[in-house]
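Here come two complexes built around chain A, the first alongside chain B, the second alongside chain C.
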Partner chain A sequence: MPENRSYNDELNFLDKIDAHTWRIKKGFVPNMKVDGFFYVNDLLEKLMFDELRQHSRAAGFGGFLPAMKQIANVAALPGIVKKSVGLPDVHAGYGFAIGNLAAFDMSNPEAVVSPGGVGFDINCGVRLLRTNLDERDVQPVKDELAQAMFDHIPVGVGSKGVIPMGARDLEEALEMGVDWSLREGYAWAEDKEHCEEYGRMLNADQSAVGSKAKKRGLPQLGTLGAGNHYAEIQVVDEIFDDYASRRMGIDHKGQVVVMIHSGSRGFGHQVATDALVAMEKAMKRDKVLTNDRQLACARISSPEGQEYLKGMACAANFAWVNRSSMTFLSRQAFAKVFNTTPDDLDMQLIYDVSHNIAKMEEHIVDGKQTTLLVHRKGSTRAFPPHHPLIPVDYQLSGQPVLIGGTMGTCSYVLTGTEKGMEQTFGTTCHGAGRAWSRAKSRRNLDYQEVLDRLAEKGISIRVASPKLVMEEAPESYKNVTDVVNTCHAVGISKKAIKLRPIAVIKG
Partner chain B sequence: MVEEGAGYDPEWEGGDDGEYVCKYEYLDHTADVQLHSWGEDVKEAFEQCAVGMFGYMTEIDTVEPLDTYETEAEGDDMESLLYQFLDEWLFAFSAEPFFIARDVKIVEFDRENFKIKSVGYGETFDLSKHPQGTEVKAITYSAMQIHEEVDTNDIYVVLDI
Partner chain C sequence: MAASREVCEKVEDIAPLPPRSDQRRDRTAGFVIVGGGIAGVTCAEQLSALSPDDPVTLLSASPLIKSVTNFRQVGRALEEFDVEEKTTGALQKACPNVRVVHTQVRAADTDKHHFQQKMANARRVVIVGNGGIALELVYEIEGCEVIWAIKDDSIGNTFFDRGAAEFFLPHLTAGKCEENKPLKRLKYTVTESSSDSPKKGDTAMGGALGPDWKDGWRMKGKHDQAAHRVQVEYQCEVQEVLTREEFTRTGQTAECFPGTSRAEEQNDDWPVYVLLTNKRLYGCDFVVSATGVVPSTGPFLHNDQFSVAPDGGLRVDDHMHTSVPDVYAAGDVCTASWEPAPQWFQMRLWSQARQMGSYAAKCMVADRDGEDIDMDFCFELFAHVTKFFNYKIVLLGRYNAQGLGKDYELLLRCTKGLEYVKVVLQAGRMQGAVLIGDTDLEETFENLIVNGMDLSPYGEDLLDPNIDIEDYFD
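Right, the complex of A and B next:
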């Protein structure tokens, strides 16, 4: 592998197609079967190329592969179709970059599935609940509300779920997803409609999951997690698309909503870890070669590939049950503070999206309808109007896409577009992506200053780990508005609503 | 690419087992954390790596060696052995008995078959006693290095957090 190619030589493989789009030509790394593409604006472009320059200088010694190289390594995987794509929030990850999208032709026996293309936190995702409350209703009780949410929802390292569950319950939940939550009374029937896969991947098989994963998962069901996971009380700050917003039940600025960002906790991580170990062995056995050890993968039809997909589906269901549980607890917290019922507060689920998942989907490739295994790691499905898989309510406006911003900044709701369907298999970004390392954030930011700045903006915060406050400060991340605007400019998604937080609950 | 992180490096005295050494530090990494540990032999470097992992999840000096817990790990090369060794300890924390170790000692290190038996000295994680640090989601192979050829036996491993 030509590790010591100079930066200028690398540039020969990179083509700027238009203001926002770059092509990575075959040959940038060995064995590329298709080209790579990434979408950026000026700022994001600079970050990408700086990363590449540093890597060329280091001449292969230690460190991390730049996102551009990772996008290209993915393009070298067997069975990949059309292109390997980096969304505007792309940054280096394990094997696949985060914000890296790739689809594989399921009818090709060589095509692979790769846990690195899904992420460790399987079905990490976001959901948005609306309310019929206005900011002026919530401001006077904001602290009380944040406290109630923090008290109801277990957060942070070592926290345990409060919803009573045994091993048998867990196994049922793994196969039933949101249907389990519905049965147990933690979800409303309408919640199911407004969730990807209707909150349940049908090919889940709990016998494909190891006991370690189950043991890790059981105590954590119904917990928020830590790191960049959060629950936020937000208000509508700007409405870009009136029609789409009204379809979602959002009709005025100042309307209060609740956003929950969380995944499959230790369960998903263990499923991913176990699969990576199994696939590494299988790759040695079947002599499958990739450019990067982290790109462990298996033929989709192999026993390891099938095991992983079934386990991944269980983890996806776990995450949906988890988000449903936290929805239940949030509804309870609000009901308690406002002395009414969640029903009377109209706390309906607007939508729930996943940004770490692999889906079997139909797409048009070279004019033919083809079944693809679409890997979306740090990227979100964004289906256009009239797509059969999106709920009736959104048939005319398109699938809502929830983009969580960083702590104390802003979040967005977008809708999917036809152009996105053609260009990126119906996919768009997922958030902001980190700019500073956690250690750098802790060194350069002061805990009290970060809190003060949030307080100045009128944001109440409840956080389990004080260290996290600096690590998760907005300065540590890229600008989510840049990312969302780039996607909008490229045309792969459309802005609908901008949201501003007024209370943040973090682990 | 890898800058020196804010590691600290004192000899820490305390506990029933005598002194605790700290032969690990946390290095800069954009999204996650890279653990760097070292030791007089590779066995110690492994042990310090495990303690370093626990140190990221809470304030390690709030953990008392009240109990012991044993884990076993097996791999097919040194990297996969390190991976499994850390994963077993992560699992001991994440599921029953929710064990957090102040110190870890390897009692058997089978170099030929890549097997490790180790004992942790610590206690069950208690939210009222142990401050919540950062959650470790998984061990990764990313930029994993085990340098047995130098006296310090440096190990680098990235933890997904």
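Right, the complex of A and C next:
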């Protein structure tokens, strides 16, 4: 890695292509095989460059690279095709930035697969259920409904799933995904249709998963966990695309929906961790070089690469079973409060999307149809109308894309476009970019007395102190509306519906 | 449960239990559980789910603890959720193979009614103890002066460190805020005695309390103002409790409660006086002793075959076996005597009682079936979520660097009145954490501890409030 360049020197490698697009030229970091690109609006652009400036001043955060650098480091990975892309919500993450998309040519023996390009929470994703209820129906029983959801869905650290499951059930679920839920009666047949991969990655192989991952996963199936995973009861706030919305069964403002945002919990984390360890060891053997240790990866065809893909598929299936279980429990909660059946409430699954996953897909590269391993970390597949992999009911409107804002803020439903297919391998953003914590202000104050009391001889205590202040930026995080509007302006996805939360269920 | 009942009947028809030489009219006990607290009841529920054909008998001297929002088997034909069930028959209704037997009851010292009566007329109370119950009591009691005597040098010693105690001190005197947020976990209550109890209303309250013990208890004393008036007496214990006559005979003067004048104090007519080992003498209306859990091993100690740990609990191995064949122990009564996972240790909490009760059931069934099972994952990482002074508290792993000697370092982030985050690191790897307030970090830290990731490249930036660390490791 070169020593820190000055900020102005860094700018020499950055080109503004149009109002919303920047190019990161080869040379920004060593070994780039392709250029990097990122999409912004004015505010997002400012945040990206502020981050870079702080890093150049060496006032940035030691272990955390700016997103621009991470996009460029990914462009240096072997086998990468066309470009390394930062969606408008791109921000620092482990290995790949979150919101960093990259595709690798599977016919190239050098091409790699990287767990950092998928994320620890494999198949973290979002699904949306509709209802035929209106806000008027729900407001009077809002608290009761929220408590019913809490009663049905275990949340928080240490919580255990309520759907009975033994070790053997888990292994079946890991290989069958939503087919397991269907067999056990937790999912409706139509749910399968409205899910990426039909809720089951066929190359899953539970023998590729270590016992620690299985042990972690077993009690957590059907739980919501904590942190940025949540279920929200939402209401349709605005309809931008009437036709597409109707295809999804949404026809008026005030219609009530349920959004579930969760992933593979500790199971995914363990699969990713195990793979990173195994791949780091194999990199020397296979002579794989990267700019960043966190970008540990393996040749796709190597035993480590294959093992990871099989394990990743299991984790993906785990997450789909998890979301199916929570769908089932949500349907029951609603049915209970409204004293009817989920069927009568028309609680159909609109769609389920993943935003931490690697997929084998066909794309046109240089005029030729090519099989690519597309890494989507913190980004969502957005296939256009007429694409063979999307359900029949969306053939004319395009694949629904569900964008959960930061919990408690608004969410969006988008649809995929042809332009997205060409520009970003059919990919768009996934939500808000939390580059800087919303909680940044008013934290870490007045801690001296506490520190004094805590002090103990011989024990080092370090206090996290904010080193810098973001000047001027009124909101120091990339809010979902800016992000979604930018994608719309660029043309890689189209806005269809805006949703507003009325109750949040989280750990 | 309907499906299970059906199967149960069919089995009875085609394969009735073989006659036994000591067969009596009552059912023979396939499994017997002694104790109706959280461990016992969770074990019974789990046994019922795993082995619905086997009779389970649960013996309890005190009213049964019962999870109120009791969610049973979720099957193709989903059963209803029980929302409010308070009779002893509830457990039997939900688990048809479980039979509850109330053993002989003895006269009680105190119960909820008694406590509330005393509380309503109290102007000052002395609370002894520094554990969970004491902490909750100190917070809950209003309209009454509280003398809090603890033997440690900081409050809440078992749960948090001195730094966190410092964080909480200002809140000892703040008012309570009423919050009606939804409850995010299983709710527990105590069943009322049924007609099969020999003497109604005269039951032993020695049973487990569970996390919701103070629901419905009125803890408002005589004074009008709602704010807390708490005086903490550190590093002391109760030396003697005196009646008014005994106190007068000593000729000593009682301490004033801070804010009370000597004249007011001298005029006060207290029924009870407490002399603490730090030589301070306080008058009060009554004393509450909340000094911790003692394993209730009495009935078992007659049999010398049980191996007992120094803390008085029955030793159990990693499959909940005691030293006596076919006898298992779980919850407060046992002492975990296996080599624990690096970030787990036993603490007598309701959450561990539940985990052990559930795991014990699995072990019992596995042993019966000749199967080998792995330990439940909950024993890999200590995790407890609770609430004190209206702040959420999450304790993970070796949160107070327990057992790490001096070989660790701490990362701290704290904002008065808002949050307290402390991370314990050893060789760059997270071993434990204390999270107070709505930090949203518990899931991420749970992962970082269990993954064993090397966090040294991040240094103290790990806790920098400007970084969304939870999202970074997503």
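FYI, the second predicted complex is superposed on the first by the 462 of 507 C-alpha atoms of A that agree within 3 Å, B and C clash if a C-alpha of one lies under 4 Å from a C-alpha of the other, contacts with A are read in each partner's own complex, and residues count from 1 in each chain.
We adopt the following convention: a contact is a pair of C-beta atoms (placed from the backbone, for glycine too) under 8 Å apart; a residue touches a chain by one contact, two chains touch by 3 or more.
None of these values were measured; they are calculated from a predicted model.
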Should A:K336 be classified as contacting the first partner (chain B), the second (chain C), both, or neither?
second
Look at A:Q54 in the shared chain and tell me whether it touches chain B only, chain C only, both, or neither; answer first, second, both or neither.
first
So, does A:R453 touch the first partner chain B, the second partner chain C, both, or neither?
second
Classify the contacts of A:F150 with the two partner chains as first (chain B alone), second (chain C alone), both, or neither.
second
Please indicate which partner A:I163 is in contact with in the superposed arrangement: first for chain B, second for chain C, both, or neither.
second
Looking at A:C124 after the superposition, I want to know if it touches chain B, chain C, both of them or none. Which is it: first, second, both, neither?
second
Taking the superposition as given, does A:F240 touch the first partner, chain B, the second, chain C, both, or neither?
neither
Is chain A touched at more residues by chain B or by chain C?
C
From the superposed pair, tell me which chain A residues show up as contacts to chain B and also as contacts to chain C.
62-64, 91-94, 98, 120-121, 156-159, 215-216, 218-219, 225-227, 266, 269-270, 273, 434-440, 442-443, 464-468, 507
With touch defined as at the start, can you tell me which chain B residues reach chain A in the complex?
1-2, 5-6, 26-33, 57-58, 76, 80, 83-84, 87, 91, 93-96, 98, 125, 127, 130-135, 137-143, 145, 156, 160-161
In the complex, go through chain C and note every residue touching chain A.
49, 69, 71, 73-78, 81, 83, 154, 161-167, 180, 182-185, 351, 373-374, 376-378, 380, 383-385, 394, 396, 401, 406, 408-416, 418-420, 422, 440-444, 446-447, 450-453, 457-468, 470-474
Which chain A residues qualify as touching chain C in the complex?
61-64, 91-94, 98, 119-121, 124, 143, 146-147, 150-152, 154-160, 162-164, 167, 184-186, 211, 215-216, 218-219, 225-229, 266, 269-270, 273, 328, 332, 336, 356, 378, 434-440, 442-447, 449-451, 453-454, 458-468, 470, 477, 507
Touching residues of chain A toward chain B in the complex: what are they?
54-55, 58, 62-64, 91-94, 98, 120-121, 156-159, 212, 215-216, 218-220, 225-227, 266, 269-270, 272-273, 276-277, 280-281, 293-294, 434-440, 442-443, 464-468, 471, 507
